[in-house]
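Heads up, the next two complexes both have chain A, just with different partners, chain B and then chain C.
After this line comes the complex of A and B, so read on.
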């Protein structure tokens, strides 16, 4: 209860400082005040714009994340379990991995057109590597004793060892990978929407209002982007802790 | 091995300080500059609409004419469209902008202090449609993807108004995608959009590649519509009216020069922007634009744009003539020229 109070006070004082600073500067273009942003937010909600933008952005995000999970986890498992496969694939991944996701925008348009799949692709590139690397590390760090006890107890086939022993052991690492991937992927949403794949979307609206110099709108969309990311992250953490890693309860604490 | 955290922290701090000091050293020098105005910065775009600026620059007229007022150097910035150009002006980076007559509207509405002191040109943008699509009337555009300059730019405003006039809802019946000229051309070439609406020389560039053709010129959409203007910051108007007056004079001279010498205008454009001479010259032949310097010619449509943008919700207030124009410089220069 005391923690809640402290949290509220911290947010409230940040808002007060923001409002006062904005009033001192008194130039909406440099820093819109909290009340101006609040008014812009209410206007967007009442017009239904914000809802449509959020759905559009979440659609891109779902495409990108779905693909990143579908590619990142299996590839991470293969690389973590089969040494030869790892040696063959690793150099290619290491070359592609450091390329910033935004650099892919041109090819995204050429390959997928000005469609939601182009935006999804950019998000995919941002999200896939954290998932891949964490899955890989999770598999690599599977305690030898678990694998050996499994073998002693008759779990010999690769398939059984992967799905019954290594995968559960690697789950915490994979969960972390997905979480980090979602964070990076969400950041790519704004960039992905920059190249006009639609006329809706949270990121696109930032550029739209930026072109018209309405900084209160820009800031509103920025805050909405942040809040949605927070909600997604909390939701994911809750799901993971309640279901995916329920068995972990009591292991450490 | 003993871990020495303080050494690591010290190393990180030192690296950080070095990096930060590298970034902050520039602005310090700026403040040392003398207070008198010695440098002017111009903003312009890679369009045949704004050759007057390029001509005065290529001929050295800006420096030559402004030297008596203490200007020793000029700097220019090339912008893909008007929206980022206005952003730069809002940030105080530009004194004089050659820009379409609509980007200043939303910028002035949101606090930019600047005025239009001269015209630059009217009309001069074309709607270009992919060759495999047929076109007989505006209704044929329903369902298509059209790329044009971003929200609030002149092309965006004229296109939306024209579609609306033809009973096509610009939000629901077509998809208008905002982007710079180069991206729009790539998008059309790769089949990602069906049409583009761009200022010259872009339509000529596209036609020369053969995958699309001009279907409507902007003068047919909106006869004699205002296009580019010369916008000057209020600070320059207030503190150095003599310089602004000379800028208008030089602009009038350059505009007359390119009207009289279109071939040389094409060459100047080609040298400045890097588009071939043949394309530049072809573009000046093909376009329906007209170079002007009289701001009065641009006034009526500029005020109509203000109304359109207000109705679209782009501006918070309906801008008036006094918010946008300062005709005193042009009128004074013209009166003086009449006396001579």
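After this line comes the complex of A and C, so read on.
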């Protein structure tokens, strides 16, 4: 309760300082005030525009994340469990991985056109590697004694060992990977939308309002982007801890 | 019956050195016999147990259980590890049902069997607890139940009580004897403790320092329950300590 109070006070003081600073500067294009941003926000909400932008961006995000999970986790499992596969695939991954996701934008558009799939692809590139690497590490770090316990209890086949022992043991690491991947993926949303794949979208609107010098709108969309990321992250953490990893001591993700 | 003939095992280190872990091991263990392995650290007793479990392969020699050569882990041998080896994502009950799930025994039946074994180790109240909620001694009791539920002929125990405090250890030794008398299994039990060996064993196998050979096999015919400080127990203990002392000195030199 006291912590809550402190948090609220901290946010309130930041808003007050922001408001005062904005009024001293008195130039909307340099720093719109809190009240101006608040008014812009209410306007966007009442027109239903913010809702449509959010849905559009979340749609790209879901495409990208869905693909990243569908590719990253199985690939991480294969690389973590089968040494030969790891040795064969790892060099390729190590070459592709350092390429910044945004560098893929041009090819994304060439391949998928100006569609939601182009945006989804960029988000996928950003999110897939943290998921892959964490899944891989989780599998590699499966305690030997658990694998051997499984073996002496009759769990011999690779498929059984993977799904009954290594995968549950790696779940905390995989959850961390998905969480980090979501963070990177959300950053890629803004960049992916830059290229006018739609006339809606939180990232696209930043550029749209920027070109019209409506900085109160720009700041509103920035804050909404941050807020949504925060909500997604909190929600994911809650789900993981309450459902997935209830068996764990303490907090890992 | 468990029979080991002319068994040898050498490890190759990464530097290219050879470490002879076991040299010319010959040992017969009768059914329902409780045998303790004792010897200096690194004398290969764990290796011998792991080979018996099927987790490692000997370089030469044969190891048979009921005249069947050991090819890998099998349901005729159960193992309790020195480290805590319960699956942390499974409840106590689900840890015990693990091997029964693999055998495709229906849920209600396997849970009934598991509950019976939980009662044997005195942990019925903790069926739905997760391993992290248990003390070290309780974890090992669950591990024993998990190994026994498979109904193995041979129970392999690698210093299972090494990590618990002295009082708990005494109690666990009593419980092990109770279980052993009820279930009548052949038990191979590694220990560092001469007291433990004298209290538990029908037969104590003393190993030499590296390379691991069998130095002597001592039969203990004292009736159970044994008085830890009786004259006879003290005599055996003294003999073992002297025998072991020479080996530990050799290991240091």
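In this text, the second predicted complex is superposed on the first by the 248 of 253 C-alpha atoms of A that agree within 3 Å, B and C clash if a C-alpha of one lies under 4 Å from a C-alpha of the other, contacts with A are read in each partner's own complex, and residues count from 1 in each chain.
In the analysis below, contacts are C-beta pairs under 8 Å (C-beta built on N, C-alpha and C of every residue); 3 or more make two chains touch, one makes a residue touch a chain.
Values in this document were obtained by computation on a predicted structure and should not be read as measured data.
Visitor: Check the residue A:28 against both partner chains and state whether it touches chain B (first), chain C (second), both, or neither.
Guide: first
Visitor: So, A:226: does it touch chain B (first), chain C (second), both, or neither?
Guide: neither
Visitor: Using the superposition on chain A described above, determine whether A:113 touches chain B (first), chain C (second), both, or neither.
Guide: Touch status of A:113: first partner only.
Visitor: Examine A:168 and indicate which partner it touches, taking first as chain B and second as chain C; both and neither are also allowed.
Guide: After superposition on chain A, A:168 lies in contact with chain C alone.
Visitor: Now for A:100: first (chain B), second (chain C), both, or neither, which partner does it touch?
Guide: Touch status of A:100: no partner.
Visitor: Does the superposition put A:211 against chain B (first), chain C (second), both, or neither?
Guide: A:211 contacts chain B only, not chain C.
Visitor: Check whether A:156 is in contact with chain B, with chain C, with both or with neither, and answer first, second, both or neither.
Guide: The second partner, chain C, only.
Visitor: Going by the contact rule set out above, which residues of chain C touch chain A in the complex?
Guide: Listed in rising order, the residues are 53-55, 72-75, 77-79, 81, 83-85, 87-91, 98-99, 102-103, 130, 132, 146-147, 150.
Visitor: Could you pull out which chain A residues touch chain B in their complex?
Guide: That would be residues 27-29, 109-110, 113-114, 195-196, 198-199, 207-208, 210-215 of chain A.
Visitor: Give the list of chain A residues in touch with chain C in this complex.
Guide: Answer in residue numbers: 143, 145-146, 148-156, 160, 164-165, 168-169, 171, 245-249.
Visitor: Using the touch definition up top, name the residues of chain B that touch chain A in the complex.
Guide: 83, 86-87, 90, 106-107, 109-112, 145, 147, 150-153, 171, 175-179, 183, 186-187, 190-193, 314-315
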